[in-house]
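What follows is a structure written as structure tokens; I'll ask about it next.
Letters A, B, C and D mark the chains as written, and numbering starts fresh at 1 in each.
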Amino acid sequence: MIDRFRSLAPRIIDLSADLRLAQPGDYLRWYGYTHPRPELLVERVYGLPELHREQLRTAKLVSGAGCNATATILALYPLFASSLVDVDQAVVVEAKVGSSEGGSGFSLASHHPERSGAVRSFAPTGHRHTAEIAQELTFHGQVPRIFFSATAVELVRGILATCHVFLKDDLEEKDIWRIYRQFYSAEPFIRIVKDKAGVYRYPEPKILAGSNFCDVGFEKEAGSRRLVVMAALDNLMKGAAGNAVQAMNVMCGWPETTGLEFTGLHPI
Amino acid sequence: MIDRFRSLAPRIIDLSADLRLAQPGDYLRWYGYTHPRPELLVERVYGLPELHREQLRTAKLVSGAGCNATATILALYPLFASSLVDVDQAVVVEAKVGSSEGGSGFSLASHHPERSGAVRSFAPTGHRHTAEIAQELTFHGQVPRIFFSATAVELVRGILATCHVFLKDDLEEKDIWRIYRQFYSAEPFIRIVKDKAGVYRYPEPKILAGSNFCDVGFEKEAGSRRLVVMAALDNLMKGAAGNAVQAMNVMCGWPETTGLEFTGLHPI
Amino acid sequence: MIDRFRSLAPRIIDLSADLRLAQPGDYLRWYGYTHPRPELLVERVYGLPELHREQLRTAKLVSGAGCNATATILALYPLFASSLVDVDQAVVVEAKVGSSEGGSGFSLASHHPERSGAVRSFAPTGHRHTAEIAQELTFHGQVPRIFFSATAVELVRGILATCHVFLKDDLEEKDIWRIYRQFYSAEPFIRIVKDKAGVYRYPEPKILAGSNFCDVGFEKEAGSRRLVVMAALDNLMKGAAGNAVQAMNVMCGWPETTGLEFTGLHPI
Amino acid sequence: MIDRFRSLAPRIIDLSADLRLAQPGDYLRWYGYTHPRPELLVERVYGLPELHREQLRTAKLVSGAGCNATATILALYPLFASSLVDVDQAVVVEAKVGSSEGGSGFSLASHHPERSGAVRSFAPTGHRHTAEIAQELTFHGQVPRIFFSATAVELVRGILATCHVFLKDDLEEKDIWRIYRQFYSAEPFIRIVKDKAGVYRYPEPKILAGSNFCDVGFEKEAGSRRLVVMAALDNLMKGAAGNAVQAMNVMCGWPETTGLEFTGLHPI
């Protein structure tokens, strides 16, 4: 249908997965089909403004980003872009996700008596978003070894991606702060959330419901080089439509926060 | 108080953390205090029947096991005991836990409007159960590199521990099945849960509420040596009092399932 | 199919609604169809042991009771049987029910993102259980004016029926205690729950999940003749299969609690 | 403290209960104390714009309304103001409320393992909001006989008040529609919600979280004069601070919806 859509609109943001990956071969591996229009993959821009803002300004074909991929990429981008990660160690990511991630189609698995209170390992391995995470975190030709798992929890909207990386060097937390600030301090929709006390010391998806924020936090393990980076977002906002609106704002030269000012509810 | 207790009862099961670790130095490192009675640590038995059944039969001083530790140890025991894990790779464990794990003391963090719907990173690093997990999974002097994180989710009773290990060899799932069966087929409270279809393909804590089962399942990642092992249990049963009753049954020579026959509710 | 079933088994407990009502005309009014086998209605016994224990001992055709009806009837039976209710005032009953009451068939209404956190007026008027409530609370030819409403809440198992009745006379709470004790003190599955302090002062369905209890409590309004009577049960146990097992125990002359000893979980 | 506050601000909106009731004697009866400043009660205006908009424009001392009272009053106001209710029959109101109604102070009752999944009769009788409901629904000197009960359910924000009234005359639903439209069609924060099909046929609090709407719906019982009127709102918005902002907008001559445009989330 893409030709028909392009004849109707000069610039398109596609929320499906059809344009997320740049390499045609990745479709066969992760999605199980041969991409029918590989020439479109050359042209398309991955629609995360935090990574591709300049390209988005003039892009004609923009791909939305996967919800779990968005959380994971935004959690880890400063570390990989700065070449701080020990590439000999696996990067394990565990996403805890709400039920709206499954869409509006109902099934026995989404039937309330079965889904209520679940802590359900629906994708221990093989989750398709792994492909775009690795793609977007590749710098200087170094493809990271991402091992992604997803667990459904009792929640409607929201994702918490917990990412376990091992650093090349034994950085202190203040060094890591500085790196994240350098990448994100000007970003309108990323907040670094890290406190020593209180209930909300780290990113928490529920208070982001309806907002376009991606909250990012981290904790360094004493005595090891493990860094745990957490990112929370609303999968229907920054993880889907909200991010698309943000990308559209960039594409159209409008203020990037237009239509996205809701800051969330507390308590909820 | 232990001397008073021992004068009252010849055999003791202690559910606190005071006797979980065998090495006095581990108390200083993980709990922040010098153990006042190190001679008791020599004598005590770690109270997981699946690992220490023979010792329990005659033990006089038995330590309960931590709830998160129980889930993690039972998930990984067959792999480490069989020397199948690549010890050069970190073992990342992410536990998703319910609110009853915090005990009966209330606080702002457990206040319903704050705790409801939480996906809360309460221990990204430094969780004390890490120490007993490493202790119990040490074989042939090889201490495993366990990296544990815990996230609170919307649930009252229950833990799901998701463990990411890398195997030395690229085993197939049927090989892994065989190993788990070999260790657990005679265990009254461990079930291997792994299905290709259906809603409950992997261990799920909610349907274990009130039961003493620890359900264990796994998924091998295609094209890599990652194995994801999941273990679910009720933290107030197999993760605490239920396990203690099971240990008592062993100690007293009673049928091991005495008082522990409840099999859980569905739906719940 | 009833003839086939009767040829297979001499005594039948039917959990459907086909035999709940004694008057054929009530089927047309409440269920919208003409009952095809009215002669069966003469023979059948309404399967609540608390009301019809003697008849059950020899009954051949027993009807299960509706889940909401069971809670409401057991809440109000002592009052109506003792002619204590002011029949000039309406009796308003509001049932709060969990999602398992809707059965195992899934739909958009039971889809987790829609059903989660619901406080949903699914039957403000016209609920079919009204008919059997009025039938079972009719004494001396006086049919009570029952006005029933049902609201779905966030819960899988459980019903709380809150019943508002006006008494003929301005009884004191100790008088009401005496009446309920007189009817229920020998009942194995009814507990009177009424406390001045604590969290669980009145019947609460969640701690009854999996149990066959119907907990009943009440509060008299100071300065008026309103009595609020609350009854809680698990709709899949005392509200369905559990009650049927209890009825079977009576029919077969077995101890009435056989197979029904589970007392519930706390916390849950 | 009121004198100090008045010396600081010429116009005050008080969210406490101190000024809700017009009759000093009602404080002794419902709150258990003698009101120390009865002269303030003469001056104060009950701050529901839907009932007292004109008085609010010039009021100097405005009382916030109770959350349960707001839902109940807005549900029933058109009926009582139009003298349609049979005053010989009791009006039973059952409010289902979320945990944020209890405020931010934590206790055992609000401890997550105890509060989770609750359907808890915390005020079967004697709820203080009954007084202001009766006060605001009094027309032509006729004080209605309101019987209020409140049940806590699993929800953080939100109230559903289900009100059972008996009409003087056997009106049809279209007559009732006309009356509610007449009162509320110009109201910016009241919507009549009543559908024959779909999941959200009647007011539902969860989709109002964060919004200032009070949704009102009703269902007439066939064959009787019972009318069930349901009102849903967010107790922290239209039930508290949101309503106060709306009152302030009226007092200051600003557009009444200023700062209150959020329309809620779905799914949630």
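Throughout what follows, a contact is a pair of C-beta atoms (placed from the backbone, for glycine too) under 8 Å apart; a residue touches a chain by one contact, two chains touch by 3 or more.
Everything quoted here is computed from the prediction, not taken from an experiment.
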Exercise for review: Identify the chains in contact with chain C as well as chain D, in label order.
Suggested key: A, B
**Study point:** Of all other chains, the one whose Cα centre sits farthest from chain D
**Key:** B
Exercise for review: Just give me the whole-number Å value for how far the CA centre of chain A lies from that of chain C.
Suggested key: 50
Review point. What is the distance in Å between the mean C-alpha positions of chain A and chain D?
Key: 42
Check your understanding: Roughly how far is chain A from chain B, going centre to centre by Cα mean, in whole Å?
Key -> 32
Exercise for review: Would you please write down the residue numbers of chain A that are in contact with two or more other chains?
Suggested key: 100, 108, 113, 116-117, 154, 156, 267-268
**Study point:** Complex contacts: residues of chain C adjacent to chain D
**Key:** 89-90, 92, 94, 96, 108-109, 113-114, 116-121, 124-126, 147, 149, 151, 153-155, 158, 160, 162, 164, 166, 199, 201-206, 217-222, 224, 226, 228, 230, 232, 267-268
Review point. Residues of chain B touching chain D in their complex?
Key: 98-100, 104, 106-108, 110-113, 115-117, 154, 156
Revision key, fill the gap. Interface with chain C, chain B side, in the complex: residues 100, 156-157, 209-210, 262, 265, 267-268
